[in-house]
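In what follows, chain A forms one complex with chain B and a second complex with chain C.
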Partner chain A sequence: MATVTINGKDVEIGSNERLNCIQAASKAGVEIPAYCWHPALSVVASCRMCLVEVGDKKPDGTVAMQPKLVPGCQTPVKDGTVIIADSQKVRDARKATLEYLLLNHPLDCPTCDQAGECYLQDYSFNYGRGYSRLNEPKNIKPDKDYIGDQITLFTDRCIMCTRCVRFTREVSGSAELQVVSRGSHEEIDIFPGHPVNNPLAGNVVDLCPVGALCSKDFLYQQRVWWLKSTNSVCQGCSTGCSVTVDQNEDKVYRLKPRVNELAQGHFMCDEGRFGWKYTHSEERLTVPQIRSNGHTTSQAWEDVLASVRSSLQKAATGRQKLAAVLSPWMTVEEAWLLAVCIRSLSPQAVLAVGPVRVTGADEHFPKDLRGHVIEPVKFTIRAEKCPNRAGVQAVVAHFMDELMPFEELLRLASSGQFSAVYLTGGDPQGWISEMQAEAFSDVETVIVQDFLPSPVLQHATHILPSGTFVEREGIVVNHRGLAQLIRRAVRGPDGSRPDSRILWELSGRSGLFQPEALRAEIAAAVPALAALTNPALKTTGVLLETAQQTTV
Partner chain B sequence: MATFEPALFARINKPDSALLKTYQADGGYSRLKEFLSMAPGDVTNIVKDSGLRGRGGAGFPTGLKWTFLPKDHPGPIYLAINADESEPGTFNNRYLMELDPHQLIEGIILACHAIRSQKAYLYLRYEYGTSYRVLDAAIRECRAAGILGNNILGTGVCCDIVLHRGAGAYICGEETGLIESLEGKRAWPRIKPPFPAIEGLFRKPTIVNNVETLCCVTQILYRGTEWFKSIGVPPDPNNPRDPGSYGPKLYCVSGHVNRPCCVELPLGVTARELIEEHAGGVWKGRRAKAVVPGGISMGFLSASELDTRLDFAGPGRVGCLGLGTAAVVVVDDQTSMVDVLYNCCRFMSHESCGQCTPCREGTAWMTKILERIRTGQGRTEDLDLLMEVAGSMGIIPGTTICGLSDGAAWPVKNAISKFRSEFEDYIRSRKASVTSAQQLMAVH
Partner chain C sequence: MSETKRKKHVRWVEEPELGFWESTFVPAIMQGLKTTLKHVVDRKPVTQQFPEVKPELPLHYRGVHRLNRDEQDRVKCVACMMCATACPARCITIEAQAAPPEWPDRDKFPKSFVLDELRCIYCGMCEEACPVDAIELTHIYDLTGESRSDLMYDREKLLGVFDRTKNDPRDPVRTGRGKLGPASEFVQLPAVGPATTVPVSDRSAKSETAGVIRTTGREGQQ
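Then we have the complex of A and B:
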């Protein structure tokens, strides 16, 4: 155990923790402002915002301070380190640095996307001087919208922290960005003809502490102070990056990565970052339907649900079996509700995990220009393009002795084994082909719960328009068995209902969907998911040890 | 010191002084075999005992620097030779490289032996085309003669020199900037620690020494530490931290003098002596107003400070940054200090690498302020602002990674504190003359 003193306040540091002054100070609740330092990137100590006074406490209790200011990011703390971050000297240095940073800054906050979440604004307000003593013309640097397909650079707003440059060199490995020119004429630029279009490119926008690098997708769409952030989990692949969904008035504007060392670290890929657009697709299913012989007979939720219930009950009493397909895009709670509902009607009912889309191979970063992966791997985009195979599989495994492959279920369906099937979709890129859908053409009752049209709809007797992940609440389990909580961010389009609500009502449970109670129920019933009651679910998520053993 | 005999420059006036055969005829390489058969630590100790301090500008004791290398390192260890001589007014390394390259090469071999390095990288500034050709020819001669390469002169010692031509930037002369540049990167100085002796070129222990320093190493080994210590200024008895300024030094004198020159003298000569006795006095019969003691980043001596001894401690006693490269630049009494300072600031803002905020923005801002003063838009409070900006940058207050911005701040601090009234007069009179010109323009 090591003791570090920050502004006269002692804080304990674990003996294995290797912290710099900024990290140690934040443990004591003291903010040391910094621009160039980022926990996931190398230290360059060039912005000089984090200057502090540092000293050592001698065994006899006296403190020997270093005469110079030192950058907090570059200075490791050890037992007896004394950090002073609020002296006049430190405050003057911060004030000077901020004045320098703002000398050539255009101060165009009213038209800048970053305004409201800008470190230049925040630190100027907290530590700056409030006016400029520059009487000379500012340097004007050209904007560079060619810097990437998704990224634009407002060069004059840049403060040369080089976080973006280091990201492309150290994390993506693609090294597109560089610094050109020298001194105050310095600019960030790309190597000619090599724009920042790597699969992790969008992260440079998040890394930029000011409004220099902006996302073309989000540009001028919304002032950030109108946005409400909700914790969620990216659905793009089984890495399950922790994200926040930023929305206003039920419209999603962007996804941003949320730091979670258990999940992915600090970043996310562009596939996930921009992969939420389907949630506002014009093609969303919004009308519940009962169909018979190609005719729609009702469009009211009450009628449709009653019909689903009676059809399932009828099928359960017949000679043929009941079957349900549990999509790997469902949450654990939804899968549980459906499985319990179907099994309570017919204990012999077949449950199968829906198709798991796998594209190519896992893509690891950093990757050099020839495509060779450089160790240590800092980010992985997984080939398994669904968020919750592990979680749904754990639920299905609880009810079925053997996991039935989706193809086997199709074969049974086409050979007339089922009187009713309950199909759940959820893959925005389509989960069933025309030919596969044929398998259900002769099944008497085909209930489809999905939010986008798919080939199977033509055989459907009941259509239940459901919700996307931004409209859901529940648990998803990623590739390494990390259970994370998705929170509901927006209301879905009129007519649709979140899956949990549909299934809750179908199960005949009273009142509103109660996720907490349901998780307790699951945890009690399924040992593999016993950790679902852990309060850490709400922040970093919980590693399900057993899930880990079966999926890694 | 009337009997002072040049050592570093002993051969430069001889015909074909750059050739191997003339160097050998003068006794060069004659004892190399003997020195290479000594233990590396003994060579280091000789250099350490001589009190040799780095000639590149900072004046760090060379032998001490060599001992910072990790003990028993499996290697490779590198020697990098800083020949990126880019401090304005400095040209002593150029003389040494063009006129006596073998003295340098012998110093490199000896230093490599002392630090157990088998490879030396000579980082030469791009503009020195002649030096490049001369050194290249000299290195080839040495390789052919078995003086460089594997098993030098049968002693079993290996050493080779890679001649690297820089692409032209002041910052490449900063030792870690030089290392970055050698690695093929942008010459952004590294954060320290780790110091290059622990982790330098290609992440291996590296010693960076100046050309003149290594030439001194040759002379120390041939002539002995006693000879070296008989020259120069012994330590100040009142300052226990002063290691003294021993040995000969190449002084470059340029600017407003009759005979700009590079001359070898014992450390501790005064600026006045240099100007009057060696550079033929200030030109056009004028008097010196200000003198740069060691390259423009060291600041200015005023006319009353010309008797300052130019050793490692002398310039610091009168408010200058240090001896630097001992490049004396003379400014005559007809030249405006505003123009001189503007020139310094323009150079530094052009050469700031742009890594640390205070230096990147501060140097450019000071230049802009001086530009404005020169157009008649100055205010006397600008001088305080300049002083404040200059005071907030550099490794001395701790706000930058390398010393470039100390060098950018010092001329400003010195010029304004030592010539403040001139600056104030300039601002007032220039404002008045510009205003009256503008009024005239308005009338017509």
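Then we have the complex of A and C:
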């Protein structure tokens, strides 16, 4: 065990850990401010914000300090390293550094989108001087809104930390950004005609510690202090990036990646970042409907649910079978509720996993301009475009001896094997084609639970408007069997209900939807999902080892 | 309640004895008649003759808001939403939009600016918070409307208040700030304090260059 002393406080670091001063200090609860250093990028030590005093403890107990301040990000710690991050010398250096960084900064915080989550503000407040001695006019550079389709650059706010440049070179591999000119004239820019439009481009906005790189999608929409963040999981693909959903007054404004080494690391792709817009789609289903005598009528939830229940019971007593399609967009809890509900009505009921949308092949990053993947892979966008195939399959596998492909279920449905089917949608890009929907044209009862219209609605006898992922709570299991919690961030449009609530009421349980209790129930019943009671679920998520074996 | 406790809380005061003249009540009657007669003679009204006569309001009176215009007649507001953040009644709703390219001096402006005058408590916090002196409270107090929506003042209405009041001596445009507040006025900021603590004997401490090392005493503070 190596011992490092930070501000007179000893902290143990593991023998295999390769830490720099900033990381070691954060273990001791000491913040060393830094702009250019980022745990997922290479070290350049250019911002000089993390200057600290570093020394060595000799075997005889004396401490030999280095005479000059050294950048903490660039200095690895070893056994006996002594870091002093709160001396007058260090504090003076920080003040001087901040004053230099702010020389050409326009100080337009009121109109800057980053204000409120800006490291320049935070560090100026905590470590800065509070005044500038610059008498000369500031060097104001023109803004560049052509940096990318989703990105705009306020050149004058930039402090040249080059995080964005390193990101495009090291993580996305596309290397669109670079530093042009030198000294006080330094600017971030692109090569003419090569904007930052790679699939990970949005991350440079998150990486920017100041308000220089802004997302055009979020620009001027909200002040960040109005946003409330909820931990969630991106639904774009089976990578299952940990994200936060930022909303205000029931309107989602942005998704930001949340650091989770188990899931994806630090970043997320643009497809997921901007892929939540369907949540506020005008086309959302908002009225529960029943079809009788060929045309649908809108009815109250209680009436529709009662009708669904009686139709299912009637179908369960008949000669034909009951079937349910569990969408891979459902949470584990919802899949469990539906499976239990259908199986308790008819033990022979058929359960199938809904269509899993696969687009192309997995896309690995960094990728050079010719499209060759450079090892080691730092980010992957999966071809499987649904968040919870593994979780739903685990639930279905618990009830069915073998997994029935969706096509097989369609074939059985069109051959008249079923008297009632319960269909769950959830894929915002559509999960069923016109032709596939034909299979349900002759089924007596077709219950569709979805939030967007789909071709199958014309055959539906009951339409239950459900919620998108920002409106529900539950577990999703990603490609490697990592179970993560998505939390409810906003209330859905009037008339819609989260799937969990619909299914909770349909299965005749009393009171409100209780995810914790349900998780305990699932963990006890399904060995593959036994990890669902693990408290780590609320932070990083839990790897379900057994789920991994059955799904890979 | 016991006798001792009552004594503690209640102090009994004796009525003062009446003197001879007081017991005749003549002075009191005369005093009263004097007031009556004064009103018979004096015909100046004491009530305010509103609305024929407008009241004299103190200069710091806070009435209906206005949105100021700049020299080019554009709305001065930069849609920073500081007022909406400061507002304790949450009556300000702003939607920002990127400024057109012909406005190089600003990044954004309010696409819509709605102030609910019914919800407002006229505390003046918005005026305090505004970094560009765009929103100000005027002397207009007699606010009327036929419906609630009439008193949802939008950008145009608030600019109209400015046009109505800008020449009123009681509502001067109080702008004393620059484009983005005092922090952006570099010229006016005093050159103070050295970058790092420097001993008085240091060569740099004697430098006469603007903005560099004047005093060593001032940088004791952190």
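Just so it is clear, the second predicted complex is superposed on the first by the 550 of 552 C-alpha atoms of A that agree within 3 Å, B and C clash if a C-alpha of one lies under 4 Å from a C-alpha of the other, contacts with A are read in each partner's own complex, and residues count from 1 in each chain.
By our rule, a contact is a pair of C-beta atoms (placed from the backbone, for glycine too) under 8 Å apart; a residue touches a chain by one contact, two chains touch by 3 or more.
Only a predicted model underlies this, so the values are computations on that prediction, with no experimental measurement involved.
J.: In the overlay, answer first, second, both or neither for which of chain B and chain C A:Pro106 touches.
T.: So A:Pro106 only meets chain C here.
J.: Does chain A have more residues touched by chain B or by chain C?
T.: Between chain B and chain C, B touches the greater number of residues in chain A.
J.: Contacts for A:Glu170 in the overlay, against chain B (first) and chain C (second): which applies, first, second, both or neither?
T.: Neither: A:Glu170 stays clear of chain B and chain C.
J.: In the overlaid three-chain picture, which partner chain does A:Gln88 touch, first (chain B) or second (chain C), both, or neither?
T.: A:Gln88 sits against chain C, while chain B stays out of touch.
J.: May I ask you to decide whether A:Ser132 touches chain B, chain C, both, or neither, giving the answer as first, second, both or neither?
T.: After superposing on A, A:Ser132 lies in contact with chain C but is clear of chain B.
J.: Looking at the overlay, what does A:Trp225 touch: chain B (first), chain C (second), both, or neither?
T.: In the superposed model, A:Trp225 contacts chain C only, not chain B.
J.: Classify the contacts of A:Asp303 with the two partner chains as first (chain B alone), second (chain C alone), both, or neither.
T.: In the superposition, A:Asp303 touches no partner, neither chain B nor chain C.
J.: Looking at A:Asp122, would you say it contacts chain B, chain C, both, or neither? Reply first, second, both or neither.
T.: After superposition on chain A, A:Asp122 lies in contact with neither partner.
J.: Could you look at A:Leu69 and tell me whether it touches chain B, chain C, both or neither (first, second, both, neither)?
T.: After superposition on chain A, A:Leu69 lies in contact with chain B alone.
J.: Check the residue A:Asp217 against both partner chains and state whether it touches chain B (first), chain C (second), both, or neither.
T.: Neither: A:Asp217 stays clear of chain B and chain C.
J.: Which residues form the common part of the chain A surface touched by chain B and by chain C?
T.: Residues 92-93, 96, 133-135, 137 of chain A touch both chain B and chain C.
J.: Residue numbers of chain A touching chain C in their complex, please.
T.: Of all residues in chain A, those touching chain C are 88, 91-93, 95-96, 99, 106-108, 110-112, 129, 131-135, 137-138, 143, 154, 219-221, 223, 225-226.
J.: Over in the complex, which chain B residues touch chain A? Could you list them?
T.: Those residues of chain B that touch chain A are 169, 186, 188, 191, 349-358, 360-365, 368-369, 371-372, 377, 385, 392, 395-401.
J.: Spell out the part of chain A that touches chain B in their complex, as residue ranges.
T.: 43-49, 51, 68-71, 74, 92-93, 96-97, 100-101, 103-104, 133-137, 139, 159-160, 178-179, 181-186
J.: Taking the touch rule as given, give the residues of chain C at its contact with chain A in the complex, in rising order.
T.: Where chain C meets chain A, its residues are 78-82, 85, 96-98, 106-108, 131-132, 180-181, 183-184, 186-187, 189, 191-193, 195-197, 210-212, 222.
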